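Take a look at these structures.
Next come two complexes, and both contain subunit A; in the first it sits with subunit B, in the second with subunit C.
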Partner chain A sequence: MKAMGERTEPSKGRVEETPRTREGVPAPAQEATARRGAGMWENLAWSIGPILLGLILTTLALLAVGANPVRAYTVMWKGAFGNAAQFSNVVSSWVPLALASVGLLITFTAGLWNIGIEGQIIMGAIFTAWTARTFDWPAEALIPALFISGIIGGAAWALLAGVLKTYGHVHEIFGGLGLNFVATGVTLYLIIGPWKRAGIASTSGTELFRPAAWLPTFPGGMAVGPIEIAVAVVSLVIVYFALRGTLWGLKLKAIGKNIRSAYWIGISTRLHLLGAFALCGAFAGMAGTVQAIGVWHRLIPAISGGYGYLGILVVLLSGFQAAGLAPVAFFFAAVSKGSVALPLDLQLDSSLGGVLQGIIVLLVILSQGVRARVQRAGASARIDSAVLASPVGPTAAPVEANENPPL
Partner chain B sequence: MKKVLLIAALVVLFAALAACSPAPTPAPTAAPPTTAPQATTAPTTAPTAAATKAATTAPTSAATTAATKAPTTAATTAATTAATSSPTTATKSITFGVVLVGPYNDHGWSEANYIAANYVKQKLPGSDFIYLDKLNPSDRPGTTLEQVVTDMASKGVKLILTTSDDFQTDTTTAAQKHPDLTFINVSGDNAWKDGKNYKGLKNLGNFMGKMEYMKMVAGCAAALTTQTGKIGFLGPLVNDETRRLADSAYLGARYCWTTYAKKDPSALKFDVKWIGYWFNIPGVTLDPTQVANGFYDAGNDVVISGIDTTEALVVAGQRQKQGQKVYALSYDYINGCNEAPDACLGVPYFNWGPRYLKTVRDFAAGTWQPGWYWDGPDWKDINNPDTSAVGFTYGKALSNANKATIQNQFIPGMADGSISLWKGPVTLQDGSTYIAAGSTATDQQIWYMPQLLQGMTGASAPTK
Partner chain C sequence: MRLELKSIHKYFGLVHANDGVDLTVESGTIHGLLGENGAGKSTLMKILSGFIRRDSGEILLDGRPVEFHSPAEAIRMGIGMLHQDPLDFPPLSVLDNFLLGREDGFVQNRARALADLKRLSSQFGFDLDPETLVSTLTVGERQQLEIMRLLSLGVQILIFDEPTTGISLPQKVKLFETLRLLAKEGKSIIFVTHKLQDAEDLCQRVTVLRRGQVTGQVEHPFTASQLVQLMFGQNLAVSARQAIELGAPILEMRDVAVEDYRLRVPNLNLQVCAGEVIGLAGIEGSGQRLFLRACAGLLPPSAGEIWIAGAKMNRQPYHKFLERGVAYMPAGRLEEGLVPGLNLAEHFVLVGRSKDFFINWGAAQSEAQVKIEEYSIHGVPATRVESLSGGNQQRALLALLRPDIDLLLLEHPTRGLDIESTLWVWNQLLERRRRGTAIVFASADLDEILEYSDRILVFSGGRVAQALVAKETSVTQLGELIGGKGL
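Our next item is the complex of A and B:
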């Protein structure tokens, strides 16, 4: 919330009621805690508490199935960071996850729940696959073209959800969900239809792309290369600054906070919403490109890898902050990759990694709610509480996610 | 800042937890979980071993894997399987990796491979394996074979068996990328010198069982049992392997239908339906339960399963309970009838154990050579666990008369070559002659089966 709060300040009189914030804590809560002198330590407790609790709950679950928790965590750690190749696996998973998250941050900032991101990743991969299968170009020309194809595919699919939302009044959750199914259907159709391998009818995937369409990897059997890392890092940096330091970013936040007010102060909300969709789709599409030419080297039905949905958790856990995306996505990638080592070593199901991720996200969100409630109660007589409890606005559901404490 | 702290704390915690655990923990804690599943499979393999041949050796070999008696029991089995073994010195430790496409306990394809890995562990002192099951994009989105390879390699594994046709491309890529590791793709052909897809890699091998024979037996059992003359074949995806297995089942059915049942070949209906993958993936494949039900609703009273899992038999069992006289043949796994014994005519199954053992033993001895092996049944006893690569478990629902026909006429006929169903004329679904009258199909012609055969209905996805 830090970047958001600071930058929306100039227009706060009209756009949002919340006063200036510092250090990522919403003003009311912050002032209340400052007054009580707890400050930083309390912040820290609220941050670490849910994570500790998450680890404790996961540990209890491990004990309940008769596993050694310390050993389980060690195995996961080694599975993610045991050697360079394993670390490269984590990074290869971090790239599409970071791209999906950075796209989602844009739509979340605009107050949109872009559930359709899975479909946008898939569509990016489909467009990429088409280009890879169609043009017999050298790698230097082909790889940029592949990324552009992914961007076009993802953005177009996102715009479809955007048009459904802005012109058809179809909520983006339902529109997106529907489009996800359609995208999967298109993939399946292509894989067992026009793009099927000669003499084979299988949903397992298309033929491998030719080598020119493969993203190069670092030597020594690494799973990842410089291009996709650069794409992800540049994307993170661009979005960080675009949301933080541009008028466009400011307007997007205004829409996210309260679309009606934003409209009344003269922001073309429809255009901005469509833009947010398209941009998110573009990043998602690149995630699809990376999945297609960096990870699988072909089109498969589950090409999205679930990174779209996982990206939603990443954004939630990072508190809707661009700066938090990279580390949180990295943590998720490490848990996902590390947990594959669990069945190898301990005969434990690797879904434990998913359990850990889910529990932590849940508890962090829960703790934010509890914290708001506790502090509201503590300062009930104050005007702050009135501000905190003030209604959020007409586009309630998405905007709530953007407001920090009162979930 | 708060959130950054949060993340930092998280990473630190994770690191701290990892650091807290000293190295010595692995051995003692790892042992119980790895052996636990063992206990569940041991009883299933032991009885069959005992039943067929080594009634006295099976229990001892199970009990003495770690003991000093191992060499003697190993010697008895080694004599029948591999010539290169040196039982007394075979204590060199080796851990191999196995990658399964489905759950290790799927009562089908993956379980058959899992059993084979355990067979090696029992028979080869000092050997052990690690495995990862459910490696498919639906169960493990984002997990590639490449990652599993690096994970296994980090544990010192040098030999990795990838046990699905679905892994063939990625296995070959991995073999090119990791020349220090050796790969076996079970059911693949990239290591077949005389095959169409030979890659010439020094660290890649293939093997497969000649399931065609047992599919012929399955087809025969179906044809002898059916009252409606309509047999359904529940197919996975369409490729060379599945076409040749479906075709084999049909050839067996047609032979027994005309020769033993003395019926008109044109009265036999053999319908093939493909679900799109080796097992059910909701939203991606057709639901095999629905397809099986569809078969029975359409008047088929026997369904032959060609997929990795047991849906066809389960459906047949449910329908039997409702009083219908319908049957199914399972696939892949020796105990595949257990899901619904009363509806089960039998299971053509893979007995991967002997080839696994030979591969791992050779690899440990440093004598392994890249190659492609297509192992047939031991015609003296197709159900010998130590010598036969494929076998057939007779189901409870198969009548004694039909069982006798199969056991005393059909199988011996195939064994001595008097029944050779790949002898021409073999006509493809499109009417073209595939094997001319008088000649017999080559291995290549059988392996790279381009279409279903004339007389069968269903999609071929033809290669030509």
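Our next item is the complex of A and C:
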């Protein structure tokens, strides 16, 4: 940190064209350190503020409908953390949410809005269900095969969106959205068609899988077991390091920030985009696997649980940082599971949890926008003073106005 | 309508794009506005047409001062502009386009619009099908549509921004005929151009801008050399050049044609040898960028053959060109060269030799530090590129170039830089050239072209002159060629 201050001091003999500082105008380096000092508290305020504001707004909404907010929050807290079984419910919803978010972080890093993640989760679940129904293997062989099936299903579905984008010029939002509907359609077709339960045609789901295909759970009626937790944690760790420490991650980041420059530099942008899709699909597919063999033990129409869309909110709220995914996903899982108890105890709809999640994400994004505005205003004030203090006149060649269209 | 602009000033940041411009256009005349890139013509015309606001100065119509804040208001006062790239709606039909901008109530009056369109078409002898889509029209036909649209809105002063770029000769003849007819009807025409011949053929009076100021005004008849003098200023002494031993041919173009949707540059024949510097002169958008892109494999030529270091490269992708030792430095530093949001160290890792999967950030930091010192970049490895000044971004781009480049293609390598930075950049480039790199660069600065090139290719509206030997070329000669004289 100290090095930064030293290095930015203008050293002799260098040609410079930034305006030199004069009295009264802070040198960039000093200014940067000054900003960092205040920055920690400022950062904290900017990230905690919107969450507090979200709670306040939700509280106001509760008061408006005549509910007791304290009781509502108590019920939610107890619903999530009241006993071990309830806590295991939170973790079991954290696993697919974390897997979806970790996948989305990859596509977001590459600058892609992979809305198609829902379909990728569904396809992962469908492939898993097929393997579970087809192979009569012991659990030790079957469960890895089930995860691999989920990976293949999710990755293939994601690659489809990727190919549509890179070769067909179909924007990934539209391609993904379309493929989501197709995936849902395929699930329904399988459930009421080829995989329907003997004797009845019902959309409630397929026959339960054989017990060998069930993920083991912790004893005592817990909803979650060691395998899926390990899968989620390992996925988070791998992606954290891959995005941070590898050339591949850096290339992905460059593509996401400016795909044109990345191409000029010599990065094969198309291949990396496809890779990002496939990897995201792989993680999404695993989320589908967990949903199929860990939660429902069969294929149901709403097998994705909406974790794909919720994952988008998780990534947004974590500020696109891998380290933030696990806690944010946990918070979301707790709110979701906690609000399940609301209708029972308070005759409030459980969608309150969704309201709280949605408001907080909106406020966080809004606060980022406001913050950027505030900082821009500050920055332009600084530039103005630098211009006034600049000893040299306009040195740049006149630029034709159409270089910066005013509109 | 008589138009007077008095002492117009406009700043873009530090740049004084219009510096006290006075201009008077009498009604019924065709008034030329000349100047090289960056002279301030477009700024002035955008102020006049309501696109941007002036910082100070007065606009008078028939002696009355006027104010307007948008193109719509300008049109209401009688000032309309035809932009170089037509601002129309290609997926809509001719009639739909013609209807747009009319203010006759909420409901479209298609019948009346159609009648207007037919009347104007027959008046000027245009032949446009009202139902055809604008996307199928040529640039010249789109101009005709735009002229009629503006006239139907009651425009008295028409601004034409480089209207002869991208249209065919018969269409140009037709356009000139139309302009004369409009002037005869009492309309005032402002004709913005850099083509000397067009100005000579058409304009009764020409005002020349240079670096934001009016350098002079001439009345018909005038000569091209008068205009060149006003446009480019006095000749500068060209410094003696070190003789350099040329190596093997690196780039060869054989009857190459390159084109985009509006410009076709045919008959390119050129051989560039190791250690040679070729300057591409011309007003921006005359084909230099197309040429450079073709050399880098970013734009497939529509005819002919491109050879790099003895291999035919037609239909090869950009990455193959990179492998053969070609490097391209585009003009948009943050758009097409650097990645905003990434810092210097990350950039050096991206272009680095290391193909290791895991990045050694410690080594990357120190490598970046070495480069930063070597290239005198005012920053640290953790500095994000968008926070660097333009000159430092340019240094960073140069630092990112591989050491072993055989053919270096540059767009405006020193645009926007001060003199010291410019010299520094050229020292770097000339050092590479001493080591055998062939350099092809485009620049709008004639002094730079004459100073550093061995040979010069002049581009004018898609035509290219025979390569000139730089030391036997004068600014006047270049200026005339750029203006399309003698091509």
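What we mean here is this: the second predicted complex is superposed on the first by the 342 of 407 C-alpha atoms of A that agree within 3 Å, B and C clash if a C-alpha of one lies under 4 Å from a C-alpha of the other, contacts with A are read in each partner's own complex, and residues count from 1 in each chain.
One rule holds in what follows: a contact is a pair of C-beta atoms (placed from the backbone, for glycine too) under 8 Å apart; a residue touches a chain by one contact, two chains touch by 3 or more.
None of the values given here were measured: they were computed from a predicted structure.
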In the overlaid three-chain picture, which partner chain does A:Ile265 touch, first (subunit B) or second (subunit C), both, or neither? second
Using the touch definition from the top, say if A:Val295 reaches subunit B (first), subunit C (second), both or neither. first
Going by the contact rule stated at the top, is it subunit B or subunit C that touches a larger number of residues on subunit A? B
Scan A:Ala254 for contacts with subunit B and subunit C and give back first, second, both or neither. second
For A:Leu55, is the partner it touches subunit B (first), subunit C (second), both, or none of the two (neither)? first
In the superposed arrangement, which partner chain does A:Lys196 touch: subunit B (first), subunit C (second), both, or neither? first
Intersection of subunit A interface sets (partners subunit B, subunit C): none
Residue set of subunit C touching subunit A in the complex reads 10, 12-17, 37-43, 46, 51-52, 211-212, 318-319, 322, 328, 330, 334-342, 346, 349-351, 354-359, 361, 369, 376, 378-380, 382, 389-392, 400, 415-421, 424, 445
Partner subunit C, residues of subunit A touching it in the complex: 3-4, 7-8, 10, 14-18, 245-248, 250-251, 253-254, 257-258, 260-268, 387, 392-402, 404, 406-407
Quick check on the complex: what are the subunit A residues that touch subunit B? 2, 23-25, 43-44, 47-48, 51-52, 55, 67-68, 70-71, 73-74, 77-79, 82-83, 85-86, 89, 93, 184, 188, 192, 196, 198-204, 208, 221, 223, 295-298, 300-307, 318-319, 321, 323-324, 327-328, 331, 334, 336-337, 340-341, 343-348, 350, 360, 364
Hey, which residues of subunit B end up touching subunit A in the complex? 1-11, 13-15, 17-18, 20-21, 25-26, 29-30, 33-34, 36-37, 130-133, 137-138, 140-144, 146-148, 150-155, 166, 169, 173, 177-178, 237-240, 274, 276-277, 281, 283-285, 450, 459, 461-464
